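Look at the two complexes coming up: chain A is in both, with chain B in one and chain C in the other.
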Partner chain A sequence: MLRTTITAGLFALALVTLLTLMGVFQSFAGRDLIAGFLSVNLALLIVSVIGTGYWAAWRGGASSIPLALAQGGGAGLIVSIGLLALELLERAIDLHFVFPNYARPLMTALEIDVTPLTSLLLVVLIAAFGGWLAHTMPSRRSIVLTALLLTLLFSFVGERLRTMLALVDALTVLAVILSGALLVDALDVHRVGTSMLVGALNGAAIAVAVALVARGGGLSPGGILRSGHVEPVFVGLVVSSPTVFVLALVLVGALGSLIRSLPGRSYTVLHYGLAMILVIGFAATQSRWSGWSALVTLVVFLAVAWYTSRQSSVSDARYDRFDSGSQRVVRVAFYGLTFLGLLTLPLFVGQFGTNTLNLVGLYLLLSIALRIVLDNIGLFNLGIVAFFALGAYLLGILTTPNLLTCGVAVPGIAQGCSGVMTFWQALPLTLIVSGLFGAVTALPLVRLRGDYLAVATFAIGEMARLVLRADDFRPLLGSAQGIAGIPRPFIDLRIINPAWQLRLDQEGEFYYLILLAIILTVMISSRLRNSRIGRAWRAIRADKRAAQTLGIDIRHSYVVAFTTSAALAGLAGALFAVHLYGAYPDSFTFQVSIVALGLVVTGLGRIMTLGIATLALIGLPEFVRELADYRLLILGIALIIAMRFVTRPWRSAAG
Partner chain B sequence: MNDQPEAPVTPRQMEVDLLSRAWKEFVRNPLPVIAWLIFLVLIFLMLRNLLPQGQQPASYSPEQFLRQLLFGLAQGSIYAMLALGYTMVYSVLSIIHFAHGEVFMAGAYAGFFALSAAAQSGLLASDPFLSVLLTLASGIGVAILLALLMERFVYRPVRESPPVVSLIVAVGASLVVQQAFARLFGATARRYPTVNLLAFPWLFPNFGCDSTGADCRGIDLISGRYDVSFLGFNLRLLPIHAVVFAAALIFMLILWFYVARTSAGRALRAVAEDRAVAVLMGVDANRAIVRIFALGGVLAGAAGVLYAFYNHQVSPFVGFLPGVKGLTAAMLGGIGSVPGAVLGGLLLGIVEAIVPSVLGMSAQLKDVLVFGILVLVLLFRPGGFFREITAEKRG
Partner chain C sequence: MIDYLLQIRGLMKRFDGLTALRWVDLNVPEHTIYSLIGPNGAGKTTLFDCIHGVYPPDEGEINFRGHSLIGLSTDQVARRGIARTYQTVRLFDGMTVLEQVLVGMHGRMRTGVIGALLRTWTSRREERRAIDFARQLLELARLSDLDEQFPQVLPHAAQRRLEIVRALASAPSLLLLDEPAAGVDETETEEMINLIHRIRDEFGVTVLLVEHDMSVVTSISDFVAVLDYGQKVADGRPQEVQANPRAIEAFLGSSPDLQFRL
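Our next item is the complex of A and B:
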């Protein structure tokens, strides 16, 4: 028993030392988790100490509370002694030459002024808490851990979230959904149509009420709707475009009235979403992300985690009692609500936020493209970047001025001439060419063994990168400078209405194009999965030889998967080029392939989790720049862990 | 298929028939045609550069060839040492040890810190030979350590999964090691201290005195460059190339001795032959696998230090390309075959040094060539090119 504790402690010490030498606990200097109270650096140290205690107690069995506390505390003792030793070493010799990121002694960097003995005691206590966590019941533990993690995460980006929406916005939406659901319950409505009607009426009533309050001066400075530090975004619509406001609330009410009879997973997701809105709304009433904000976040998430863990099965049961037609309506309602949320997102997150969302969307698009091959037939494509780059460069070549249209030798310099094609003409061509290229590469490759195929695709991706950089192709591909000045798509509907023309050069406008592309891609991939070819893929995956005897053409099935995947990756690349206003070779490295692969593997095979993974690994580092240094490290570790523990198609696919 | 008597075939019909058959064959398996097309284009490019164009001499001279051959041999011996690591791991576990390049990088880094310490303490100036030995030793030591850590925490947990899982996990591990090194030791490249290792004063008493004017009590094995006229060719010789080649030979001989002549080596060969049977015979398969990774670490660490000696710098990303090239070399020689790996490494080094300029490609496309070779080998000869030469006779 003692031995496991010591082993776990030493192991944790090695990891924590590694993190310390990397400078992890010092890299978020000047960033507070809770303003004036808890710095991110200190929080990271605390989390790793809790993790140490948890791990030690978990490894040791943690059969009783005192034992768990002792195991956690023991491991904490080892870690703290090790860290103190490192501190002494740092004072004796200068480690800066070897470890440039470990600049200062740890405790000084954390800006806490304690004696070594106190810090030792603190670490032991915190680790003991970790040990206690390992001992508590799994259900209670998961609630506490989820709430803690989400609170940490929210505090981390709190300053940005705080300005997204005002409390009235949050309360209005919550009121519409929750009171609608309660009303449906109270009236004992069991039919989907009726409850949607009730919800819609309820939404309309609340909308009218809010409008009346606003008319009564609620929106003027000091009014009841203006409490807090943030201008109401959504409720602000009540003045500028009241019809949109009322319609939106009616729609939200109609869809939200079904919240208590959703399938379990959707139920949980939606409740967490509502909790997030509430938390952000509360944070907006504070002048900064304060201790109150963190506390409210923790309480709200604790409540939601506890509530959904009990209620989701009830909701699931209600869903099961519906006939299939109603079930379908309920599902559509859920997607509709999610879609509504996505549709209105640019309103809230601001220019920078929308730009980040666009980047996240593009990576999501690429991951979905990669997923078609990986999830359906279990083959790893490590060269998806080749198709991504092909799409970007092809669109760039077709839509920027060049020799053909300008008659000038150097592309991009001539003024007043456009590309060969507009975006809308070039996009289908890009898709087709990427798909063809995918088919041509897949034809010889698909007969290879899984790991050989992965290596071969990796080599193709690397070749693409090198070719893009090479000076040999400068006239066409622009070598290191890439292709600059790719125009944003232009929607010209002046034939119908003289006012209808739109150049999608606002991030908020381009967002909708990406959203549309994602929805189309998701639909294509899910339709494919449930079609004849999708069934063939599943059959091959289950048993290659049996599928062959049933007359399934394996080569053809594989090539179809690769072609679709390549075409969609080309689409992602084309949009990526438009997003950046250009195609530059540095954007198309092996890292892109690994990031996409890591996202798909850690995305656990569902679009929702894939989206969350993308948001966390692509979106978060944009908000918190310090994280960008660790993005690939985290991704790599997540990839290794996911490959080890998650059962996915490649387990069954013969190597 | 059908029993009806065939109609007499006109020549025209035969032609059409042949064409359609060829087309069908092409659609069924387009690879040979594509390969021949690539081959013809390459031949054309080569002839254009090798033959004199009218009045002008050929753009590729024999002098260039010799220079590139020597460089290619040195580079090739690095690749051979790396390829041995891939091949040995493959022969035992049937997995591609994709993170091997990071082991190489770790060796180069450890060598850098050892050499810097030696330079700071003055050991490098007073006893360069000992410092170089220490550098090699620390490079090898750290490389072994990293290789063993990878075996324990990356490969062992997924040992029973399909090989592709190991490959992807290895890709992840490669990324993690690169990024961790970048955070630990800084992401910028660091310059190796200059080593002047003068040797063989009795052989070269006054060698190179005129060109550098520096110390000339022999030949500078690490950072010397000497202009030599030999048989009418003006060559610039770098002794480090010879040192790398020789060191690679020595390490490979040690490896061969270990594998072929010791009882531990016999256990390795037994596990490579058939793990299950070897285990039944009382061989500790785990220990053999650990040893294989350690051996790969020795070679990669040594290669890393040697490579850094003539490349003059280390960065966390320095292991990636040599690693992939080592893999290509192993594939070229038939992965799993030890002599194949050595031959493949040398061949790849030479090809990479010579072929781009023979074909008139820019140096930037040198690596495209290597990746192209990798793809082509995987497609056409997944068993490697030297299978007939290197295949061992079995009873």
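Our next item is the complex of A and C:
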């Protein structure tokens, strides 16, 4: 018992020392999570200490609360003594000579004058809390951990989120959805259509009420709708375009009235979404991301985690009682609400946020493309970057003047290049060619298994990289300079109305193209997965021989899967090139394959989880530049955690 | 002369000097239950593997409805109408009970990528029909109310039955069952025998099965062939074989629990 505690403590100490000497604490020093209260390196230290306590108590069995506390605290004591010893050592000899980024973890993190004894005590206490976590019931633990993690996450990006929407925006949306659901309950409505009608009317009523308040001066400075530091984004519409405002709330009300009879998982997801809106709304009332913001975040997420853990099964049961037609309506309502949220997102997150979302979207596209092969057939494809690059370069070649489109190596200005295509002409061609390449690659791969397959796909990715850099192809691929000047898609509807033309130059406009591509890709992926073809894929993944025994042609299945996957990866690449206004070889390294692979594995086979994973691993580092250096480290940790779950039968037929 | 569904002539299979099958002849008439028995290592599963295109025989002929199966791959043999189960349960992880049976219908369905993506009228109709037929098969295997479950939660005997109806889903004319009653208790064995009878009678499927359990073999089979050290030592009606001295010798020479119970 004592031994496991000491071992855990020593392991954790080694880890924290390593992080210290590497300078992780140093690189985060001075960045506040909660202004003047909690810095990132302190949070990091706290998280590692909680982890230490948890680990020690978990390894030690943690059969009773005092024991768990003692085991956690004991491990914490070892860590803190070790760190203090390191600091004493640092006073005696100059560690910076060998480890230039070394910073005292305890003293630097606390940034206040604490005696060594106080810091020691604090660490022990926090570690004991970790020990308690290991002892407590799994349901309670997951509530606490979820809330803590989300609070931490929100604090990271708090300053950015704070200006997204005002409190009135959040409250209006929440009021429409929650009061609609309560009204449906109170009126004892059981039919889907009636519920939606009640919700819609309720939404309209609230919209009119808000409009009346706004007309009464609520939106003028100092008015009741103007509390806080952020101008109302959504409620602001009541003046500029009242019809849109009312219609939006009617729609939200109609769809939201079904919130209490959603399938359990959707119910939980939607409630977390609403909690997020509330938290952001509250943060908008503060002049910066303060201790209050963090506290409210913690409380709201604790409440929502606790509430959904109890209520989701109730909601699930209601959903099950519906007939299949109503169930379909309920599902559509959920997707509709999610879609509405996604549709309006660029309004809230600003230029930088939209740009980040676009990047996240592109990675999501690539991951879904990879998922078709990885999750369905279970082929370890390390070469997805090849198809990503193929899509980008094909689109680049077809839409810019070059050897192929103009017939001369260096086109002059005077020459009319008749071969240059528009984005819309080039895209289908890009998809088809990418798909064909996928089919061709699949043929030799059919004969390979496991490790050999991984190596072969890795080679395909590397070949792509080398071809892009090769001088031999300079006239077409531009070698190291790549292809510059790829134009953004131009939507030309001037035939219908002379004013209807749009070049998707704004990130906020381009966002919708990516959103459309994601929806299409998700649809393609899920429809295939649940069809005869997808069932054959999954059968091959589970047992190749048995699948063959049932008459499934492995080669044919591989070719179809690779073709689809490659075409979709090509789509992601094409959009990526347009996003960057060019295709450059540096964008297409092995790391892209690894990141996509990591995302798919951490996505645990579900699109929703994949989206969250992409948001966390691609989006977050954009907001928190300090994290970008550790992106692969975090991805690695996420992978290890995900792998522990992958061995369980987590997959369901719905996918 | 009787028209045989499956005719095997002079089949030879060697593995690095070990002869697994030696000049085996086998004639399986249509709409019968034909059992292969023999001590461990007699070559029964090897015979199945040769029929089902896992590896080619070194010599000999395998004719199914008058067409040779030599050189065909497993999935091609399956599409010719020969389904098979394995000695160990090989259900697909991560797929529901219903989906397992739908996979069995793979070769009979036509929906391609385009049909699946556009959910065309024909593809939806095919899917509906497939699901209807799958439910009928699940009813046959008494698994109707478990169709949304994952196979891991089923008891062993239910998994075996599921595997058999999954093979049956491909609407084969010949079903190869490798020890369908292995690890299944007595009452469930009854049920298994019943299931196999219904497969022959209601679906008109010819069954070729390998079995150790003699009570199963005698109560189920129309014909029996005995294999010993890769050679067929006897065949015919169960009663004839039980009286055949070479068959008795083959079993007396092996472990006692495999002896005939006369």
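Basically, the second predicted complex is superposed on the first by the 614 of 655 C-alpha atoms of A that agree within 3 Å, B and C clash if a C-alpha of one lies under 4 Å from a C-alpha of the other, contacts with A are read in each partner's own complex, and residues count from 1 in each chain.
Heads up, the rule we're going with is that a residue touches a chain if its C-beta (ideal position, glycine included) is under 8 Å from a C-beta of that chain, and two chains touch if they have at least 3 such contacts.
A quick note: this is a predicted structure, and the numbers were derived from the prediction, not measured.
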item	value
Side-by-side fit of chain B and chain C on chain A, or clash	fit
Vertex chain A; arms to chain B and chain C (CA centroids, nearest 10 degrees)	70
Which partner, chain B or chain C, touches more chain A residues	B
Which superposed partner A:560 touches (first chain B, second chain C, both, neither)	second
Which superposed partner A:21 touches (first chain B, second chain C, both, neither)	first
Contacts of A:444 with chain B and chain C, given as first, second, both or neither	first
Chain B versus chain C as contact partner of A:138, first or second or both or neither	neither
Partner chain(s) touched by A:551 [first = chain B, second = chain C, both, neither]	second
Superposition-derived minimum Cα distance between chain C and chain B (Å)	7
Touching both chain B and chain C, residues of chain A	651, 653
Footprint of chain A on chain C - complex, ascending	52, 54, 73-75, 78-79, 83-84, 86, 90-96, 98-99, 102-104, 106-107, 109, 111-113, 115-117, 119, 123, 127, 130, 148, 150, 152, 166-167, 169-170
Residues of chain A touching chain B in the complex	18, 21-24, 97-101, 380, 382, 443-445, 448-452, 454-456, 459-460, 462-463, 466-467, 469-472, 594, 597-598, 601, 629-630, 632-633, 635-637, 639-640, 643-644, 650-651, 653-655
Chain B residues touching chain A - in the complex, by the definition given at the top	30-31, 34, 95-96, 98, 113, 116, 154, 157-158, 161-169, 171-176, 178-180, 183-186, 324, 327, 331, 361-362, 364-365, 367-368, 371-372, 374-375, 378-379, 382
For the chain A and chain C complex, residues of the former touching the latter	524, 527-528, 531-536, 538-539, 541-543, 545-554, 560, 564, 649, 651, 653
